[in-house]
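What follows is a set of structures for review.
Next, two complexes with chain A in common: one pairs it with chain B, the other with chain C.
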Partner chain A sequence: MKKIQLTAWQNKLLSGLLTILAATLISFVLIRLMPGDFLELRASELVQQQGLPYATAYKIASTQYQYDPSVPVWQQFFNYLSGLLQGNLGTSMTLRIPVSTVIWQALPWTLFLSVISLALSFSMGISLGILAAWYRRKRWFEALVNGLSVFSQAIPDFLIGLLLLVFLGVRLRWFPLRGAYDISTDPGFNLPFLLSALQHAILPALAFTLASVGGWILAMRAAALQVLSEDYIQVARAKGLKQRRIFVRYLARNAIMPPVNALAIAFASMISGSIFVEWMFAYPGIGYFFGYAIGNRDFTLLQGILLVATVTMVLANMVADAIATWIDPRIDSGLGK
Partner chain B sequence: MSAFKHSLQLLRQNVFWEVLRHNRRAALGLFLLLGFACMATVGPLLFQLETRSDYLLRFQAPSWAHWLGTDYAGRDTLAQLVHGSRDIITIAFSSALITLLLALLVGTLAGLLGGRLDQWLMRIIDIFLTLPRFPIMAIMAGLFSIQDPFSFGFVLALFYWPGLARGIRSQILTLRSKDFIEICQLMALPLRHVIFAELMPNIVPYLAINFINVARDAIVASVGIMLLGIVPLSASNWGMMLNLAATQTGAIYVPEAYPYLLAPIACIVLFQFALMAFAGGLEEFFDPRLRG
Partner chain C sequence: MNRPGPFQNRFDRLLKWGLSLGLLALLPACLASPTNQVSGFRCSGSWFIPPSFHGNPWSQGGDGTHLAFVYEPLFLYLPDSQTYLPQLGLSYKISGKRLDIKLRPEARWHDGRPFTSQDVKSSFLIYWLQGWGGRLKKIETPDPHTVQFEWHEAVGPLEIRQVLGRRIQAAAHLFGQWSKPAESLLHTAQQTLGADRRYSQAQQRFYENLQLKKNDLLQAAYALRPPEPIGTNAYRVSKVTSSELVLKRSPHSWHKAARVQEVRILRGSTNDVMWAYLLGGDIDASHATTPPDVAQQIQRLNPRVKLFHLPDFANFGYVFNFRKPPLGDRVFRQALARLLDRDRLRMVGSYYSLTSDSQQLPLMQSDASHWVSPELKAGLLSYHYQPKQAFQALSTAGYTRNSQGQWLTPQGQKIALEIAVIAGYSDWVLASEAVAAELSHMGIPTQVRTYDAALYHQLLRQGQIDLAAAFGFDYRQLMHPGVSLDRLFSQGGYLGMAAGLPVRLTGRKGRPLALQERVETVVGSADANAARAAAEDLLWLANQQLPFLAIYEKRISVFALEGERVRGWPQGDDPIWSLSSTSIDTVYAYLLSSGRLVPSGPS
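Let's turn to the complex of A and B:
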């Protein structure tokens, strides 16, 4: 038998597909473990609301939830998969609108929040990290950066969020407490709406930023210290190059690689890691609807969000590999060629 | 030399105290950890948990009778805090322990046996690591109506072992190619000896530090999940206290209730800090190059 040898690229693709399949399987099993017959429940609701005969109502309920207990389980799974491939995520059990609609409405808010907080925490962490390595003999500066990174790592984002909510929101009334924008504004591309959206995003974004900046600081400082111990830095110093030039062209350029590599994954994990903070601020992103779906046992919505989060993670992993190969050709992942 | 003996020898050489003496942060961490241990073991005997509610006494500011004030039902905050430490510590350590055992088993098997098995184990681990962890943990915690901290720890551990298993595997792979293991093989020493007397002692530091890291992650995840209000843990613990204070009883709008709201937050942050600081000290203890 000929042994099949996969290239690195094919291997990654296979792993990604298997991961997505695993997530689908988990959510498929999940909906069947749910206590109570939600089909009967929905069907009798339809009978009452629209006066349909029970059999018809049951059928409608079964298509809405993509769940038909009369066929064998493997066929149920197959039907569910083929529905997914056609972009059909089913109907939300409690919101009564297609799951894909909910996700399309929520995704921009989560992306907005993620981009702001990632930009803030990355730029802050990178600058402080590299400066902490460069000025490592300045005691006060090191103590300051150390203190910040320890604090940042000791407190989870949702607890920072809670503190910000209580003191800057409730007590000082500087920022709104919940939601993504003021409902009196008109959603669209106009100044009042954009300003209100920004104002609503500040506290949750600050919570994410303060909680993750420590990680970036440590990563960047470690990378910078590593670069500083390299011979070429010694050579540059011996040649009498300007400090500024060494810092920018020699140190920063090389040290920024590892953190940049981690960026894609950090971005993707915000899609699923934002549950608690979004929930705390009732910020209508993916995480908030996940919390909602769990609280209200809306299993179709839960399935949809889980799937979207998984696909994002898989894609981000591939992007991260591609970026790694692109900025450092010595890493041969088989991607980016 | 077994890992245990090695650690004992380091203890005998006073390395431990040496590290603690000049690493103040680690010393503080250990002190805090001991404090929390007392809180969870002896504390509940000293502070009686009130079950009766008295709404006239709700959200009282700290006083001599109630050192940290009272909650939304007029019960003593400090007593709840002390009793609540038990669940959190149990969750943290049970999930860390289960993670460690699973990861050790899978990681060692994959690293030692290699081949087809290794490939498949790594693929499964990759899948686990790419799955969105928080959502699935939350779903499982909610679905299985977890009632006790041990099961909660177990659910969390299901998603923590893969990362550690991969780490252990690469540690084993590095060690395997070292000279002393080759010598063992040349001397035809039994596999049991190679695993338990040669390999394991060398990964003990890695295990100890990751044990603490998993415990830290488990605390964050469990408190977050409890904050969502989907785990019906009935006993008072820090996560449930926060859930009640932040989302259900309006304590965030009452300035007198701040001690009730802030106390669990402070405890969680201190506990996280203590674990982090102690892990830093452990790293120094195990790695002579880090000791000045």
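Let's turn to the complex of A and C:
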């Protein structure tokens, strides 16, 4: 019998699909195990408002939210899965609009914010991290970078967001306090709207950036110190190569690998992990609706957002692999067959 | 040995370039004009953000602060002067079981269609589908400007207040398709069930079936998705984003006196965000619960900000779970009430509020004299801060303290309590932390646990709490103690369920009282004396049994910015402020639509 030989990329694709399926199943079950029964909440409201017997109120609540808890979870899962295969993410139980509508409108804003803040924090973090390793004997510089890392790691993004809101938004009035764009502009490909969107993204993006730059600095510094202790660096120095060449070709190129791998995970995490900042800045992204879905126990919306986060994570990992291969061709030996 | 740097001479230059480029990137954003220079009225609030926003006020997605500016009731009730301000209604007459209302002929919907009695009927049929009007017989519309409500029996002031004060938000040309089937259901219901609430088994089955049919109709009505809400008030929704909702003056509105052309609502669901708006002078009015130092800072930065303290018509406090020992013991509950320094707790939780009355009656302090007769007053217990008396009462009832000073039940079990609070309600959490500290200090270890709203309500209904922070005695919307007593004592009452109160309790004359029947008499009886007697029975029970311990009668701190974009805020003692019993946004909407608030520019 002929053995099916899969290429490395086919392998990755298959394992990605299996990951998505497993994550969908696990999140589906976990969501339904969350404490706080929204049907009970709604039924209690109906008992109070209409004086109904509890059983009738519960029945009405399950009709209103189009959710029948008596259907076994496995059957609910297969119904959901068959919908998914037809491209249907379901209807939000509380908002009563297709989940895909919510996601398609919210995702671009989160992507916009994520790309800006990740680009800023990553470029700042790896630059400062590698310089901190290279100039580790310059005390003032090391103290500065360490201070920034500690500040960034110690303070959560929503607190940084609040401080930015107060100082740059309220006191200095440099940036708008909330929202994604000025209401006087017309959304579309026009300069006033684009400028306004950029202006509104700065504070939330800074909140993310300042909260995550410390992580990049530490990761890059650790990787660079590791590389600096390698023999080939000593050999390069002994051969009298220019410092710039050692820094760029030998140090930076090798030290950047671990942060690049982490970049993909950081990007995917931002898709669903921006609840507090998006809520605080009334930014209409995925995180905002994720927070809403958790608070209101909107299972279908929650499930849809988690699916997007999972798919993003899998895709981001693939992109990270591709970038790593591009930077270090030796990795290709395992992938490029 | 110092390592020679690759950019030894360029390092400082690199840093300078980096910083300069960073600042340049921020420049376009900084050049944009500050947003607070926009004219019109600005306040903070919440709404569903696109794409979930729509124009159906009856269902989720259509709800929000803007509704107060878009819709209006037939009359606005002013509790301070106990008068009604005509809005869509011009006059009303109560005769026995009937209420006749004359409507304003010049009123129009935002889309230009005339406002008629059919619109009132359509709105109240939806309210009926939602559960209002248990004893309603019919709604008739003899002409376009007259509407008649008829009940099976004469109804009390609470029912009348609901008809006069509820928003008319179902234009017949949008929601009329559900009026006919709803009316037909109402007709069948009144024929089958009649006025008697004591249903036979067959009637009970019919009633439950009726609720399912009503629910089907409601579902269809909820599914309507107009892009914007169509109302009759002075303003109509113009644009909605996640951060701002803009309303423009409607050219069809009958409020010709309204001078402010635009209302802009900025998203502000938490106190800290509203403080940020106030500190920056971005809004003209806000009602964030504010500690005194923050209030002073806001006024220091914006000397034109006026601060008013208005009644919120609700008492904050703690509901006790009777199912959990020792909270089921009346002596223990009464001792807890005397162990807590409510005045201090009020200063921690909500500085500008009023410390609750020592007799713990489910009434607002301003209203107590109307409902408490001298005979009742003479028989009431007082719960002043008296730790020594509380300890003595506990000891007399068999409670003891161990060597660590912790209180034990008469059965010798250690007492420890937990307070359930909704996460994010900062003033509730602060007050509860102070309660926990006081009780722990007195030998009753207590901890605060915060829950998200969905879980909190579930725990409350299932009685899985010891104490829960809540708004207990609550008059809001209808300004009547019946609202409080219903929450506390009726079957399915929000607090009664949490407390796990029995169906009957022994009343002041030693006879068992059927709580549901007493509540229905207070809420629904047209006989003022019967309603008062029933209310006294329940007030006495609340005082003796203490299912809820009120800490403070909340007052809203309204910050009003005079002269920046608008001027004309009323004085603090103006009765118009008591419109806040409906909602503070209703006050703003009324001041704008009536022309009392005007643009601050030259007149």
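Quick note on the criterion: the second predicted complex is superposed on the first by the 231 of 337 C-alpha atoms of A that agree within 3 Å, B and C clash if a C-alpha of one lies under 4 Å from a C-alpha of the other, contacts with A are read in each partner's own complex, and residues count from 1 in each chain.
To be clear about the criterion, a residue touches a chain if its C-beta (ideal position, glycine included) is under 8 Å from a C-beta of that chain, and two chains touch if they have at least 3 such contacts.
Note that the structure is predicted; figures quoted are calculated from it, not measured.
Participant: Name the contact category of A:M280: first (chain B only), second (chain C only), both, or neither.
Facilitator: After superposing on A, A:M280 lies in contact with both chain B and chain C.
Participant: A:G87 in the overlay: touching chain B, chain C, both, or neither? Say first, second, both or neither.
Facilitator: In the superposition, A:G87 touches no partner, neither chain B nor chain C.
Participant: Go through the superposed model and pick first if A:L33 touches only chain B, second if only chain C, both, or neither.
Facilitator: Touch status of A:L33: first partner only.
Participant: A:G240 in the overlay: touching chain B, chain C, both, or neither? Say first, second, both or neither.
Facilitator: neither
Participant: Is A:A23 contacted by the first partner chain B, the second partner chain C, both or neither?
Facilitator: first
Participant: Contacts for A:P72 in the overlay, against chain B (first) and chain C (second): which applies, first, second, both or neither?
Facilitator: Touch status of A:P72: no partner.
Participant: If you count the residues of chain A that each partner touches, which comes out higher, chain B or chain C?
Facilitator: Chain A has more residues touched by C than by the other partner.
Participant: Go through the superposed model and pick first if A:F175 touches only chain B, second if only chain C, both, or neither.
Facilitator: Only chain C; A:F175 stays clear of chain B.
Participant: Let me test your reading of the model: by the given contact rule, A:Y135 touches which partner, first (chain B), second (chain C), both or neither?
Facilitator: A:Y135: touches chain C, not chain B.
Participant: Quick check on the superposed pair: does A:F158 touch chain B, chain C, both, or neither? Answer first, second, both or neither.
Facilitator: First partner only.
Participant: Pick out the shared contact residues on chain A: the ones touching chain B in one complex and chain C in the other.
Facilitator: Chain A residues touching both partners: 162, 165-166, 170-171, 280, 294-295.
Participant: Give the list of chain A residues in touch with chain B in this complex.
Facilitator: Listed in rising order, the residues of chain A that touch chain B are 15-16, 18-19, 22-23, 26, 30, 33-34, 150, 153-156, 158-159, 162-163, 165-166, 170-171, 269, 271-273, 275-276, 279-280, 290-291, 294-295, 302, 305-306, 309-310, 313-314, 317.
Participant: Give the list of chain A residues in touch with chain C in this complex.
Facilitator: Within the complex, chain A touches chain C at residues 35-38, 40-41, 44, 46-53, 56, 59-60, 63-64, 92, 94-97, 101-102, 105, 134-135, 137, 162, 165-166, 169-171, 173-183, 195-196, 198-199, 202, 242-244, 246-247, 280-284, 288, 294-297.
Participant: Along chain C, where are the residues that touch chain A in the complex?
Facilitator: Residues of chain C touching chain A: 2-7, 11, 26, 28-30, 32, 34-36, 48-52, 59-61, 130-131, 134, 208, 211-212, 215, 219, 222-223, 239, 241-244, 246, 264, 266-267, 272-273, 276-277, 279-280, 282, 451-455, 457-458, 461, 491-494, 497.
Participant: Hey, which residues of chain B end up touching chain A in the complex?
Facilitator: 123, 126-127, 130-136, 138-139, 142-143, 220, 223-224, 227-230, 242, 246, 252-253, 255, 258, 261, 265, 268-269, 272-273, 276
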